[in-house]
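Next up: some structures, all given as structure tokens.
After this come two complexes, each holding chain A, first together with chain B and then together with chain C.
Up next, the complex of A and B:
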């Protein structure tokens, strides 16, 4: 047991948590670290870290309360915004995975205090928090989901690794009939399309009801590769507006953590005609 | 054309594409009834590589040519896009079960379809730049010097040279083969590290030297050849004559595929700079070189580039001109080409306007010396600069050509498309 685990309840903290290994937190935070600013929400269920880009992309890491050895919240929800790159850097300060962490947040206007300990050496970090802004609400609800597939990540990793980076857009087609799942890019070196059939060994669940094609900016979809890289399975869902939502299942010892990644489609001129 | 390549062979094709990528910027894909060829030529036309895969390389090969089309279905695609398709040859066979290549007669795209594990299909559509063919003319049978060697030996040998080494000189005698880096002139020689190594005939699978000679060619393309040969683990056969004539390397796995690499070699210089190992004697021949030496320095930078380009041209030039051949036939090709002939075949020699022009000037001047002499003279340092008039003819060569006459074109009287004008309709 680390020295950090002996907590004193004297001080008045809004949020306080202790975990004996930062390994999985680090993985989850790194996976969404494609922009500097992250909004953190501490609730009864756990910690949610959200990163947004261009009002089009939103990625959230969920760190369940159960992963922490100690988790104390003095409010219904505590929200703060920090620089996630610095947060990751601090957590990685000992470089190893055996780092224990105690994190406390006193409240609005206070910095995020972190005590990191490894082998009796303690690092005291204090990261400035900033005014938390409202995050995007894509209003993605299960009721509006048109198509959903769950597949093993390794398959999509390969596909993502080979995406033609000279292409501006990526088109995703999901359909109950052939070609089922198609990813298309059009770059300077030519067009590429990748078809993954319904009966592929990589696909676990295939629930597509309607043929739907949506185009996304490749630069908006690419950052999801970070989450994909650490995941085991991925669910891909699209709703009636073409909103794309990836959900990554990331194994963490006895728990399973999730990262959600949503991306808005390119407004299609054809859609307005309808 | 449609063909299917089985998984293990896809890797070979990928290696071939990667080798070709080091030769040129464009890839020529040329299906023939019993084989499919991939070719590339370097920007300076000093190196050419061709890979021919016979039917046995494929699990399915169909060269369907409709009767209506007279020309072969061929195409040229950007090398960059093709390399992107075969990104990692080492991992390719782990994923790919089969690769299908399709080329439609009037298509605008060359299609590569990879059938991967788990039923995943990746399709790449490469835009076709042009429908033209590339064909180098060279001979590899009538040469006095032949070597067959395992690629590993050559790779080990070449590894010793610095990464920035441009040219490699191969000196052969029946007793030994020497490899050394080539230095342009004395100045360069003083600056660069000279590496030289010697290989015994016993290390070769086959070693027959008819004429003692030394040939100098580009190392970059040679490395591409070695990479391929080592990847497929096949011996390299070299056939060459002497400096200034092309050296041909063949890597083949009969009867499935054969690859030919043709590199231009530098014209042998009149001085003894090649004998880098005999630097101690340098002072002795120095006096005799002094005369040529000064003029070399003057036009060194300009001349160097010229020399480099010239000699490859010269090499290919020689190879197509049989002793009996005069400039007649080649001229005909040249003019028909310029007049937009339907023959799209571009001989490498035709791609080299520079020499052709020069040759023309010489003949216009009533000079009867043959092409070889002209080029040879040009390559020798110390040749006085070309007279201004000659230069003008060289630069503005088109001005000295015969006036364009459309009636000279083959098939000029044949109407391919009627006038869209409806005047005739009005009259009737």
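Up next, the complex of A and C:
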């Protein structure tokens, strides 16, 4: 155990935690680092780090409390905004995975303090925080889910690798009938359709009730590739408004961590300016 | 002016090439000063005052060359100063860094339409020998300019501390480079070294303790820190000199004025001077 694990209860803090290796936290944060700003929520369950883009995309990494060797919260929920790119650089300061971390937040107006240790060398970080703003609430509830599939990530990774990046849009079709699951792009060279049948060995769960097709900006969906790359399985759900929600399962030693990635559809074909 | 040298030892050739590669990372241009016993590599920064080279490196020619003959500009001044492009030379010597890449290398001052340092590399081939000839154009530096390339004066450093592994320092400094253009180096005579970057968004500092301090003069109890703020890119470039596999690297600080890194190895010393950047 690192010297950092000796904690001081005297300090007046809202949130304090210690973990003996930053390896998994780094993976989970890098995956959602497609923008500089993130909102952090610390609750009894653990940490949630959320990144948004253009009011259309929202990604959240969940780092459950059980991952930490020490986790103390002096309030029901502690929230703050921080530059996640800087946070990632700091966590990665020793480049290795054998880095221990102690993180501490005293409250509104205080910076996020981190102590990182590897091989007896300590790095002290102090990152400015700001007041968190309202984040989007997509209100994606199980009740409204139309279609859901769970598949092995390697399958979707191949699909993503083949997506035509000259296409502005990506269309996702889910249906209880053939073609079951189809991804379409329309690029300069023509249309590309990729079908995955429901009995494919890659699909573990197939729960589709209604034929539904929605279109999304490819630029909004692409950043999810980072989360996909580190995941083992992914669930894809769409609801009656066409909202797309990916949920990635990431193995982390004895735990499974989650990243959620939601994306709003292009409202109407006519609303989209070609 | 004449110069002709020959290296046949694989380790010497490799180390010589490593030195050139390291220098190439620090600057595009370099001056080589040839004397009877020593070979100097001198890099002068453009905006710096006279007599303050950025890099001052010395190697004893007998550690590298089996044959070494030179005749300088005159008998009283038996020296030659030549300026060359470092990456051109580094690329020419790349075969020396590979195992069994070369059997020997000759280095000569030649005149091929204009002055050149010519490297004739005898490549290792099983049955027959092949030679590879590289002509590196050089500019002969006239005597009146030699004064600008003299050995830097011994400065009174506030603290001289032995750096921990360059590789680790480089990993840390590269991350810090993503956060800021400048880095502050702080050290005290108790053996603590701190690397720090400070921006409006964040302050990050890495602490190394129990490092060896040179010539502390019994002042080990003094925990006062001496510091200098330098360009982080230049600092990172210097850290790439781990290629030379130094025995030790000393970091010497003149408070708020300068940082000097002294890289020490049996075969070579390399002094690197970083001036302070104003806030």
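Just so it is clear, the second predicted complex is superposed on the first by the 268 of 274 C-alpha atoms of A that agree within 3 Å, B and C clash if a C-alpha of one lies under 4 Å from a C-alpha of the other, contacts with A are read in each partner's own complex, and residues count from 1 in each chain.
Just so we're on the same page, contacts are C-beta pairs under 8 Å (C-beta built on N, C-alpha and C of every residue); 3 or more make two chains touch, one makes a residue touch a chain.
What you see is a predicted model; the values in this text were computed from it and never measured.
With the two structures aligned on chain A, chain B fits next to chain C without clashing. In the superposition on chain A, contact of A:158 is made with chain B only, not with chain C. Shared-chain residue A:43: touches no atom of chain B or chain C.
Once chain A of one complex is fitted onto chain A of the other, the partner contacts of A:189 are limited to chain B, with no touch recorded for chain C.
Judged by the touch definition given at the top, the superposed model places A:132 against neither chain B nor chain C. Taking Cα centres throughout, chain A sits at the apex of an angle toward chain B and chain C that amounts to 70 degrees, reported as a multiple of 10.
Of the two partner chains placed by superposition, only chain C is touched by A:121; chain B is not.
In the overlay built on the shared chain, the residue A:86 is in contact with chain C alone; chain B does not reach it. Smallest inter-chain Cα distance, chain B versus chain C, after superposition on the shared chain: 12 Å.
Shared contact residues on chain A (touching chain B in one structure, chain C in the other): none found. By the touch rule above, chain C contacts chain A in their complex via residues 164, 168, 171-172, 175-176, 178-179, 200-209. Contact residues on chain A toward chain B in their complex (touch as defined above): 155, 158-159, 162, 164, 188-197, 199-202.
Interface of chain B with chain A (complex): residues 78, 80-81, 84, 87, 95, 109, 117-127.
In the complex of the two chains, the chain A residues touching chain C come out as 83, 86, 89-90, 92-95, 111, 119-128.
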